[in-house]
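The following pair of complexes shares a single chain, chain A, combined with chain B in the former and chain C in the latter.
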Partner chain A sequence: MADNAAELVSLTIDGVPLKVPKGTLLVEAAKQIKQEIPVYCYHTKLGPAGLCRVCLVEIEGTPKLQIACNTPVADGMVVRTQNAKVDAGRAMILELLLVNHPLDCPVCDKGGECDLQDYAMAYARGTSDLADPKTSKPKGVDLGPTIVLDEERCVVCQRCVRFDDIIVGDPQLVLKDRGVRDMIATASGDPYRHNFTGNVTELCPVGALTSKTYRFKSRPWDLDRTQTTCTQCSVGCQMFSDVRFGVPLRTMSVEHDDAISDGWLCDRGRYNIGFYDAKERITQPLYKRGDTFMQISWDDAFALWARAITDAIHLSGPQSVGTIGGGRLTNEEAYVAQYLFRALGVNNLDWRAGRQRQATPGSRGGTLADLERANAIVVLGDSPADRAPVLDLRIRKAVKRANATLVRVAPLDVSPVPSIDVVDVAQAAAALPATASSIAVVWDGIDAAAVERLLDALPENVTVRTYITSEQGNARGAETMGMHPRFAPGFAAAENGLDTEAMLAAASDGALAVLSIFGANPALRHPNGPLVRAALAKTPFVVVSELFMTESAKLATLVLPAKGAFEKNGTTLNATGDALPVNASLQAPEGVLSDLEMLVGLAEQLGVNLPAQEAVHAAVIEAIAQAPAFDLGDHAFRTRAAQAATIPADGLRVAVHSNVFAGDGTSAHDERIVALRPLAEALLSTDDAKVYGVSSGDRIDLEAGGLTLHNLSVAVRAGIARGTLVLVDGLATAPANSFAPGAVVRVVHVRKGDSTLVEA
Partner chain B sequence: MMRKRLYNIGAILQGLGITFKFMFRRQPTVPYPSVMKQHAPRFHGLHELRRYADGKERCIGCELCSSACPANAITVIGAENAPEDRRSPGERYAARYEIDELRCIFCGLCEEACPTDAIVLTPRFEMSDYRRGSFIYSKDRLLVPPEAGVGTPPDERPNGIPADLGRVAEVKSTVDIAAGYSATNRGEVLKTHRRGLAG
Partner chain C sequence: MPVVKVLTDGIGEVDLRSIDVYRSRGGYVQWERAVRDLTPAAVLEYADKSGLRGRGGAGFPTGKKWSFLPGNDKPRYLVCNCDEAEPGTFKDHMLLEFTPHLVLEGILLGAYGIGSHHAFIYIRGEFKEGYRIFTQALEAARAAGFVGKNIFGSGYDLEVTVHRGAGAYICGEETALLNSLEGKRGEPRLKPPFPAVAGLYGMPTVVNNVETLAYLVPILKNGWEWFAAVGTERSKGYKVVSISGHVQRPGNYEVPVGTPVRELIEIAGGLRPGRTFKAVQPGGGSSACIFDEHLDLPYDYESMAKAGSMMGSGAFVVFDDTTDFVKAAYNLVRFFAHESCGQCTPCREGGHWLEAVLERFVHGRGLRSDLDMLKRVSSTITGLNLCALGDSIEPFLKSVINRFPEQFEGKLIKETVTA
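== the complex of A and B ==
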């Protein structure tokens, strides 16, 4: 293709001469002269299939009409897309498509934005020669937790089938049966379930595949549409938020967003929008008196908070004040947060509330388009499929379309595309093909020593692009804005403060008087759960800004109700360093403030002059423009929490695995994604399952150092190292950080499938 | 001068002649509300939501009425029928249906747009009340009682496609225009029905 790219072919479409690269399909060539050719089965991202036949055009010299979607351009071709012959051909195709299509447009979710409606209006005759009744097929078929199928409406374009195969690489949907009985179903008969199912509802040109969450809720013309950036993970997909009467009813991908999302959304981003009006949401500041929270006014909250900070600084100096979080804030909020605390002399700032240590890849950071073009991709640490799903689609695209080599180091899941799975970093470098000229390293930002060894082991004279998938949407933004103990905005050197580990250690020694936590949940996400719980209990004044009563909020002295991403304006910085706009599409509930408004309120009480809005914007833009000079695993990001990965002789070591639907905040309080949430599961290797005499479906209780974790469902997986017990990160029902890091965990009870209790 | 005045008297007599002529005709006004006038057959008054003969609501919550409404008076929110409590034939029904009768201009476009003949304008016109909010009519006041339903629901027709799609005349005939129509009285009937349903 690359050779042909320069070679141009001249042809005429509807009398307009144009030159396009050789190999271009007619349907794409016609777009250049703004001539739309109707298509159902063809999709720019899925390629041609030649199934629906609606894209008929007349090519001079061919006796019959040809399909534009599967005909490449040829030199001197004369094409007519609009004339009586073409119209008659399309009218016939549409009549055939409509033979069994029900006329239930008034109740169809697609009605109003349906390609079949539009093209029927444009090309069809308006009458039908069909005398017999239409065939009846099942309606409202439950395909899986997210999708409903209406078999009558399906026009068998197979876009959904091809999406699963070509884009996701997990071909679950197939076309079952043939002729008039053909229908879309999963091949296995199991529920249709992967991280990208929602995209088929947008690909479907008719109303056959629709989302359960949007079913019959509205009509497309009722919706107020706002383009914004998804902040659920660090990819930063562009999306439309469609709101009616102040309720977000659905989100839609932005098709031309080629730079970031490639036009897709994952199911977490698409469906996790139901928490904004959840009844569990906090709508008033809560102050803990004894063991119970009482509602107080914002004025009192600001006064208490400011008083606690002033007293702490006055009595024991600014080192007794700490601030954790920022990965869920906007860039502006993170900037103002660090500005305010640094203005008070507080340097104990750290966005890192979880396992991740670094969010900015540094000087060799690549774009998502670069990732797609890499010859070889090395994935180190947590699977991007569970941390940054849409980024993982780029990896799959590189592997499937460009035959890139995918090497994964100690993966905990199964890759849908061919991959070389190795156990350590040294093997990863050896597994790379010698011919690879560009290598992409996708890291989870956790094990700095491992990534350093990997980078050292990579061959010389190759282009290396680095990527870090973050636990939180704006982790990179928070780091760039200076929510970091060593860096001021733009990675300028700052007066060193305590990092999260040191703050928590100081707090558990009683050396911290005030700890403010913004948009972070260390009690559930930090690897050392016992330490966090001890630290928060010991600190006299803990402030948590949250939407829900998370594990951290429960341990706070003052809980401040915060706005969600759809309720505020600002910018966010994604994993690849693109500054993206966050636009408000919802009105926040009364009494809820954004973190920025909270900081402004606090600054007023403390008498700190914050920079004006324009100054903040300028500072944010300037900070983003700085090119950091470090690499993955740089020592500036290392903390003292290094854990030895030895396999214990007796017992199990906990390994933690991300899941995009986990968490006890926004994802836990959204009934739309309940069915997608991970189970409280413990993954065990087949060897360990034999040792403990357990099989998948059994329930186990765990114990280590006096701490216990009850009733975990066992799932036995091949490919997990012996002596490793894998837990899902961020589940309040089974916190993966229940034990101290590196603790040797024992299985104390086993409940077999028949509920008999066995002492282990 | 004199001739001009005489000419004026003639004009005055001519004008008064018309007045006197009507004094001896039957009065066109009626002592409303004790006497009711016959409405024109296609008078556009207060809306009602119809049902099928089996009591199911005709409205499928498609919002075509609210889209057609030039006054933005109609708000519809659809929902999915629960299998154990089916409100309408098919999969969708109107969970909320509200008409702001103060906004309504009684043009009848909603009636034209309705694919199931669910929304119809009746000759009822008496809607006085003390509060503006009372003029937002929701399903509890718009829906006819279950026994007033007409027509076969589309479920029972082949393929669930209503055969009478878009034919308003059949449903209109449930109001007996020829027999006269007491709007006030009909309102009373509706109230009793509702009380009966509630009790």
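== the complex of A and C ==
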């Protein structure tokens, strides 16, 4: 806030002398002496707006009351936040706010945690001269897939409007009409939709903006609150899980989580909590006999699993056993998983089940605060807006507030903040300002070679920080805990095992006897879908721990019902290397175990002694404390290079991109976020759209190697290279990995927007 | 009769919309002189020493306003405020339509005086005809080489952009005007920063009223001494006063500042026969009424302020004994409530509430407790608002409620029979 933090200003508030940095606003200075100044429109993260006028204070020498939210401190200033004049001003503002605010507190979601209730109690007169009816405005306005608006309750603080503008950079909400008739609405009239909409329900000081998922569900004082870490992506936002009668009713951000979430949550993290009590959840181990699954007991499940492993090791050695997964486990679970399998001599361990190859940025990894302070930011690969939404808000903050230069290599989306979009790494390096002394590189852990080329092209005297946004929340934790064919915990050298690619290749050759998959769905997420399906079909004993019958679970021999993140305790390691607590707020359904409990059950059957809980905890902390000595391009990661840039002669080459709401597990089985899931889209370049005679909204069928994907919705995008067709990763309805990597597909049918069918 | 013809010279006599006619009467001579012979600082000196004060309502000294511009190398803008919408004011409207070249020459001089290369005029949406006339005048001036690149071969460039508003009173407030000009919602900005530091598109900006800028032309022609010699101690020069209400010949009258109130009524033809004087609202809808005891006051900034009112934009509305002051108050409060942008609480809610109560009074359904409420709410909200609109609600209401309480008492609901 202050340009020069060292320069202090002395002032007196309510008789208490204090010194604060020059430029500090009175409303913030008063917090130092624990004197609360009421605010509606002011918000620490949004700054002053001067609209609600409730933060009135008296400043000696100024005849009129002043607003504390927009008054910077001055030397010798004498401020009174409480006296008859101030009280009268505030009482007037509250009386006025209540002229048209409906007194429907008994049925208002905000009741009990409402700033209008609280300040009315603290500052209002208690009586009113109001003798006329209140204005009538629309109630229950459907703003979009997530938010419902009660126009009558709105106090026009415009925090929601300013959030969209200042924080998100996508100013959808505006104030329409004027005077007492003014209303919050989207400027276009289109549904209010971006990845951060839920935050406006928390910013709203009253009950005007409410979440569809929580509306009329509970009184806040009836909720059991637990603070935990969101594990839906690798940012690690702190959040509250608010539970009533065993059902997670809502999540809330943690206001003081400046280091990680900056106080925000994305809509995936906030709203995707409805799967815990989904009826499709698996609640008993399932064992496949022939083509059908039968329910079995946990004892039988452990026995069968242990027997399969023992037999495999006995017959073909530990190299015939493999384990995939870890990015959805806690650090403790990942540690125990690798401990158990390594104890058996099994070195075929890999957390990687999707496209990502690397999760730990290595020696140049930065913090989120570093990211916010970077002079320039280069984004490579999948958009952080879809991989790590709240991290993307930091990028926007750096660009909007500190004028950082944002350079994006071959992006598929439109940046909400000014960006220089280039086609390759060489152009990216050239686009960076010569004055940039700190550069952040944000990538997706897929094509390390491209990042290396970029880093090589950067001047030597600049500070470079790298960031990897992961496909799964605890990818970095799993990697650090040694769920990796070359790393033991803490990146210590391990006896080499097969990585996921090699395991799948071995399995499809019939060389793998047991494959255990923990919290991963390679059948949908691995880029080579045909290989995964062949590998799982060929492997005699496949175990999958899951919440739902995913594509991988369907191909398993033994399916183990697993707990979700709100149902277990442990720690997770986020993209920037912060170890964060995962605290249980829910009771898991009966019959469901955590992956840790499964591993304990398996170890008992195998006769392996696992370390005690305290020892696991200590080992996890020690592993995290080991600073990774490697950087990009370490041979341990075997980079997955981007597809050849050649334009196929006949057809289109398939590429994929992430969408924050894609996935077939927690996202697919949550009725609360149905409207947020992405369409099965095929993104095409403008050129190819012309070639195929299609435009956005048309539907196409794709075919390659005898496989067909039906009814993909066409979206024409300028940023896409000619000859490339981009599919959404991880959509069960249209798996992007249906075809082999780099497959060239043919467009076989086109359905125009008016439903006429055209043979392509 | 002290009516003068300075800005109004030629209006109604010749076609000043024609650039040839305007030039034949000395038009654009000052503009040429300024660009060729005067430095911007010299033009500023004219504005400053003449004692010219803002004619839009606030009466801020023009030269002082210009001097607030920071000495940085950012582009700076002059914006001419032609969003005239104050109830009772219709002078800028007339100047725009009848002497558009004078308005333009004033804008050019103002822009030159602050060292700007781009001036804007924001024309109220309803002034469709004025917009057409001014745009034609601008094109004629551009064709003559008075606007554009390398004016008079001096190397000085000045562009003028015409922008039409969409018809909102609040856009006469300078920061709301700037927002509207930028294509944003017309609502006042939080100050600081002030426009002089961060105005249009975040650049140093001066916003001046049409009449203010137009007076620069005769001031340059006649010298600042000529202007400063007229008027009262701190209110100098001339003023176009829009006289309306219960007078026989309402209209715009240009007079020396300081002409007595009584004389202004006479200039406009006096009251209708048989009627008696009740009040004058001397400075537009935002001003308090003055009464019999104020008739001999000079009409200037200081005297009107001393009488508890203001000269404002020079909207002078006369009320005789036929006036229903309850209706008049309701009419004005309804106007302000309707025109409130609604962003800040006191103006939005207070204006609406007062309107609702006054509407009941108009229908004879006032409550005794309302009388206190009207005074309490209107006075408490004054000073709490983000801009001046909310502070404009109280003055007229308070002045007539105090002066004519019987009119309000007469509108109370008849007492009900008590048990």
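The rule is short, and it goes like this: the second predicted complex is superposed on the first by the 750 of 760 C-alpha atoms of A that agree within 3 Å, B and C clash if a C-alpha of one lies under 4 Å from a C-alpha of the other, contacts with A are read in each partner's own complex, and residues count from 1 in each chain.
Simple rule for what comes next: a contact is a pair of C-beta atoms (placed from the backbone, for glycine too) under 8 Å apart; a residue touches a chain by one contact, two chains touch by 3 or more.
Every value quoted in this text rests on a predicted model; they were computed, and no experiment measured them.
K.L.:
Once both complexes are superposed via chain A, do chain B and chain C end up clashing or fitting?
P.N.:
fit
K.L.:
Just to be sure I read the superposition right, which of the two partners does A:106 touch: chain B = first, chain C = second, or both, or neither?
P.N.:
first
K.L.:
Considering only the touch criterion stated at the top, classify A:122 as touching first (chain B), second (chain C), both, or neither.
P.N.:
neither
K.L.:
A:216 contacts which: chain B (first), chain C (second), both, neither?
P.N.:
It touches chain B, and chain C stays clear.
K.L.:
With both structures placed on chain A, which of the two partners, chain B or chain C, ends up touching more residues of chain A?
P.N.:
On the superposition, C touches more of the residues of chain A.
K.L.:
According to the stated criteria, A:56 is in contact with first (chain B), second (chain C), both, or neither; which is it?
P.N.:
second
K.L.:
I want to verify one number. Taking the Cα centroids, what angle sits at chain A between chain B and chain C, in steps of 10 degrees?
P.N.:
Taking chain A as the apex, chain B and chain C sit 80 degrees apart.
K.L.:
Is A:625 contacted by the first partner chain B, the second partner chain C, both or neither?
P.N.:
neither
K.L.:
Scan A:175 for contacts with chain B and chain C and give back first, second, both or neither.
P.N.:
Once the two structures are laid over each other on A, A:175 reaches chain C alone.
K.L.:
Considering the aligned complexes, could you tell me the closest Cα pair distance between chain B and chain C in angstrom?
P.N.:
In this superposition, no C-alpha atom of chain B lies closer than 15 Å to one of chain C.
K.L.:
Output the chain A positions appearing in both contact lists, the one against chain B and the one against chain C.
P.N.:
none
K.L.:
Can you list the chain A residues touching chain B in their complex?
P.N.:
Touch residues, chain A against chain B: 102-104, 106-107, 111, 133-134, 136, 139-140, 215-219, 221-222.
K.L.:
Chain C touches which residues of chain A in the complex?
P.N.:
48-54, 56, 64-65, 70, 88-89, 92-93, 96-97, 99-100, 129-132, 135, 155-156, 158, 174-175, 177-182
K.L.:
Considering the complex alone, what residue numbers of chain C touch chain A?
P.N.:
168, 170, 185, 187, 190, 192, 337-346, 348-353, 356-357, 360, 367, 369-370, 372-373, 376-377, 380-381, 383-386
K.L.:
How about chain B: which of its residues touch chain A in the complex?
P.N.:
Interface residues on the chain B side: 60-64, 67, 77-80, 90-92, 115-116, 158-161.
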